[in-house]
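Here subunit A shows up in two complexes: once beside subunit B, once beside subunit C.
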Partner chain A sequence: MSAIDSVTGPFERFAQAHASRMASVVIAAVLAFLWLPIGVLVFMSFADGGVLSFPPEELTLRWYRVFLSNDAALDAIVTTLTISIPATGITVALSTMIAYAVDRYVFTGRNWLQLLSTLPIIVPLVVTGVAMVLFFNGTLGLPDYVSVVIAHVVRTIPFATLVILPTFISFDRGLEEASKDLGADEFETFRQVTLPNVFPGVIAGGLLAFTLSFNEFVYTYFVKGSGDPTLPVYIWNQIRYNVTPEVNVISVVFLAVAVSMVLAAVSLTRVDLIARR
Partner chain B sequence: MSLLRVSGLTKEFGDLTAVDDVSFDIEDGEFVSILGPSGSGKSTVLRMVAGFEEPTEGEISLDDVEIVGSPPFERDVNMVFQDLALFPHLTVAENIGYGLKQSGVPADERRERTERMLEMVRLEGYGDRAPAELSGGEQQRVALARALVNEPALVLFDEPLSSLDRKLRQHMQSELQRIQLETDTTFLYVTHDQEVALAVSDRLVVLDDGEIQQVGTVEELYEAPASRFVADFIGDVNAVEGRVTAVDDGTIGLDVGDGEVSVPRDAAVEELAVDDAVDVCIRPFLMRAEPAESDRDAVDDANETFSTTGVVRSRSYQGSDSLYGIETDRWGRLSAEVRSASFDVDDRVAIAWDAADVHVYRREGGAPPSEDGGA
Partner chain C sequence: MARSPRSDDERSAESGKRLAADGGSVSDADGRLSDLTSFFRERPRLRTLAIAGPPYGLLVFFFAIPLLAMLVVSFQTDQIGGAWTLGNYVDFLTSETYLTVVWRTFLLSVQVTAIVAGVGYALAYSIVRFSRRTTLLLLLVILPFWTSYIIRMYAWINILQSDGVLDSILNLVGLPALSLLYTETAVLIGFTYVWLPLAVLPFYASLTNLDADLIEASKDLGAGPIRTFLSVTLPMTINGVVTGVVLVFIPTFGSFITPRLLGGTNNVMIGMVIENQFKSAFNWPFGAAIGMVISVVVVALLVLATRLGGGLFGTGGETS
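Up next is the complex of A and B:
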């Protein structure tokens, strides 16, 4: 014990004396690892020159112009949206129904429904990817597009459900009684009280689903076959052969999509009122 | 004509009878409280009046119209909920205007009436805030304004003040009374807190185990409780076990341990017979206490006085008076409310009270008192 003490003792004293400073350093390092690469990436999207070199010699919008005139990249965005938008819609509808059912009703298989809908999170992506190729494309012979949309729904449902369910559970059913007491019938109560209060959760679930779907690579790569590439697949194809600063621009596009989605959602809901709770 | 008439109201949840054959009336403009311990069924009665629960049996009529079976949103009744249930996604003004909006009141009039309500509950200028930004007392006022703005025939309260601290609760009590007078509305208030109920109500309905124990004015209930339960529940009471030895026109003879006392006939609300086991109840503030010189000398077995000696065991200060817990020689532990600083703990005291001040109740399933007759 004393031997261990003599080794750890000084370290422990040091740790106790400088604990808060050490914590700050660790937090700063974590934040730096998270955000510095993204910052550099955004910065580099304005870099002149054909190779990825830091620091850039001159700042320019040249690669944005290249990107906007690159039909293949724009097509990839359109392809991604034609998959992500319907997939998100289906996911939000299904997740909301699952969350509502799990919250409101006691039925046989309730726990199983909850488990099965969140299980895909822990199944390795590659396994599910292969399984889907075999099942959708092979066994069922579905068209590529339908398979991909289903794959995206499968990928996003667990996350959306996990986000939406807590808003239903934390929703105070007493508010519905208060609404009816004040003269609103069942439908008006749902429209004016229930929906606005669970809406932030539903929107958040939808945003997460959309972002996941927009970025989805593994399932798409497996299931999509040789059709038009989605944006992530397009980037993958690009950096396999040649790396241009255009990739930086596309990454910034991803970032912009995600951020503007969040801002849109915040302005759509009255999160501010609820957040002050 | 009564505004609210509840008759034979019964509610069963499976095997449990939460409310058992409850009947009472409320007159227009009254402030009535339903008082009972938790689990007595008082909130269930309120929820049936509001329309959130369907009675198993019985009738509820409002303004002579039967309302059982009609949904809550069609009843001319509004409720202040226990947890207030303010809408978190709406501002204070929108919360108050919610009921008006449902009944299709145009926006201008809605704004005006909401503004008047804010004034009434003294929250001018708070209309644009979120409910969560308000203090507990302010939130109570919003909930009250929201329930009053529709000008319902009856406003229901489900213990809304129970979460407030004592000072604020007392303030809100007087605000409730002021607002009730100003709006000329009928209030039905449910609480387990006898202090609140006594302070605000014109009449009380005491409920225990789903059954009505007594209905009456505050004074009636305090001065002539119909049962030991009511006596215990409304204010403090001491009980001494006894046995009836004689019943005649004007008096009842009681054996209370080693001594006989005769009490007035009307001290008992029910018919008593010789040999009935009874509880003799007395309010602590009606007891006299003075220092005892020796062990037994102060015991005065005059026929119309209860008296004993004892030792002070505890003292709880209540301002000009204190409540002394006294271990008596004849009846076990009793409490007496007398002027503060009269005694110290461990002092020997002689206590007494008049037979005219007691209430006598037949003890439910009570065996005759044992020799030493402990309380």
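Up next is the complex of A and C:
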């Protein structure tokens, strides 16, 4: 033991003396690593010369004007919204049902339901994407739009459930008992007691589901046929074949959507709910 | 809706409804819905089915069954509904090119996982043990995760391409350009960037749940910070570590976006081979077979992780 101590001793003393400072360095370095690329992207959206020249000679709003007069990009946003909005609605309803069932009822297959609502996070996107195109398009022959909406629902359910379930679990069931003792039935209790209490969590789940769906690429890429690309698919085509500085502007649109949605979701729940369960 | 024929049981529910109706807030529609709920209350199995059934059905029919369909298709010749064959698997497993790709994908995934686990754990540890503004910091870490994956890759194209941001800065301080885009380093940076926020969450959760008294006890018994970390903190948070590793390794192993955008022709990963089968070669059964190969690797890893005690359901939160 003492032999080990004599080797590790200096390191132990160093760690003891500088732990707090090292922690600050780690935090600062990682935050810089995470945010500098995003900063560069936003900055370059104002660059005059285009993609290849850094630092830019002049700052301009030109690419924002180009973006606003680009029908293909705007159509892609509309296409994305016509998929994301219904998908989010369906996901919120289904995730709330999952949370309610898992929290309240003991039933055969309860563990399977939990597993099924977690697995889409774990199975690689490309595998599920392939499976979906084979089954939706190959076997069922579903229309494009229906396939994509279903794919987005499957993609977003795990994350929405992850946010909504804890709000059900942490909700004080005594309030429901009180409501029922006062003569309200289960539906009324749900509407007037349970729902107002879990509502912030449900909304937060919806906001995150929408963000995820708005950004969804892999499933959409496989399931959706050609024509009417969603915004992420449009960006993918742009990046792979002809990069224009306009892509920087669209990136800023994505960032704005994500940041505002997540901040709204976080203000409704506690941030560590997204981390814990 | 259908009224219950069993009017004896109905009556108590009816009185409950009337009581609530006296409060004056129940409209006709609510009344009908109340009938519906009392109908379900007397049939708990039916009620559970009505609530759990729709999401259950959707996930089984549109998630589980497609995966089974993929398994079936992978045993067919080069088109769906073709004759049964083992050919796809034989072709894949006897091709040196594909096996090299699988091996490279595995090595890259291991490297990415190691980097992300190391950096992510150091970050989570620093936040939990040494910072008071944990909520703000955690928010700053997870926010990038919610932006578009492709956009985050594109940001790195801007930075890493020759004469891009990085090279320009190196040039300004008189260092030679690196031109990192289309190298393995670029792929590693890209993966680290996208998975770091995801991995920090289970690390953070397990570290927060760790009882701080245990650390104090270890120090009182004379252990330094490093020994305390190795003999108390790390073993106590191993569930979070395993969950983080799973959350990083599996999507990396199946990825095609990052290697396609940041990697060169020497960095082909297995996900790209699948994409190719569906987007340009149009041999779906062969693509399905490769999908199954990935699934086998994933399932093997999950079994291993469960043995090691990773919380599959809880994303790491259930350490206590």
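Definition applied: the second predicted complex is superposed on the first by the 229 of 277 C-alpha atoms of A that agree within 3 Å, B and C clash if a C-alpha of one lies under 4 Å from a C-alpha of the other, contacts with A are read in each partner's own complex, and residues count from 1 in each chain.
Throughout what follows, a residue touches a chain if its C-beta (ideal position, glycine included) is under 8 Å from a C-beta of that chain, and two chains touch if they have at least 3 such contacts.
Predicted, not measured: the structure shown is a model, and the values here were computed from it.
In the superposition on chain A, A:Gly174 makes contact with subunit B only, while subunit C stays out of contact range. Of the two partners subunit B and subunit C, more subunit A residues are in touch with C. In the overlay built on the shared chain, the residue A:Asp185 is in contact with subunit B and with subunit C. Once the two complexes are laid over each other on the shared chain, residue contacts for A:Ala32 go to neither subunit B nor subunit C.
When the shared chain is aligned, subunit B comes close enough to touch A:Val193, but subunit C does not.
Once the two complexes are laid over each other on the shared chain, residue contacts for A:Val146 go to neither subunit B nor subunit C.
Residue overlap on subunit A between the subunit B contacts of one complex and the subunit C contacts of the other covers 182-185, 188, 270, 274, 276-277. Against subunit A, in their complex, subunit C makes its touches with residues 13, 15-17, 19-20, 26, 30, 33-34, 36-38, 40-41, 44-45, 48, 51-52, 54-56, 58-60, 62-67, 69-70, 73, 80, 119, 122-123, 125-127, 129-131, 135, 137-144, 146-159, 161, 163-165, 168, 193, 196-197, 201-202, 204-205, 208, 224-227, 246-247, 250-251, 253-257, 260-261, 271, 274-275, 278, 284, 287-288, 291, 294-295, 298, 302, 312-315, 317-318.
The touching residues of subunit A, when paired with subunit B in their complex, are 172, 174-175, 177-185, 188, 192-193, 196-197, 270, 273-274, 276-277.
Residues 8-9, 11-13, 15-16, 19-20, 22-24, 26-27, 30-31, 33-35, 37-38, 40-41, 44, 51-52, 54-55, 94-95, 97-98, 100-102, 105, 107, 109-110, 112-128, 130-136, 138-139, 150-151, 153-154, 157, 162, 182-188, 208, 211-212, 215, 217-218, 222, 232, 235-236, 239-240, 243, 247-248, 250-251, 254-255, 258-259, 261-262, 266, 270-272, 274-277 of subunit A are the ones touching subunit C in the complex. Residues 50-52, 71-73, 77-79, 81, 83, 85-91, 98-99, 102-103, 130, 132-133, 146, 150 of subunit B are the ones touching subunit A in the complex.
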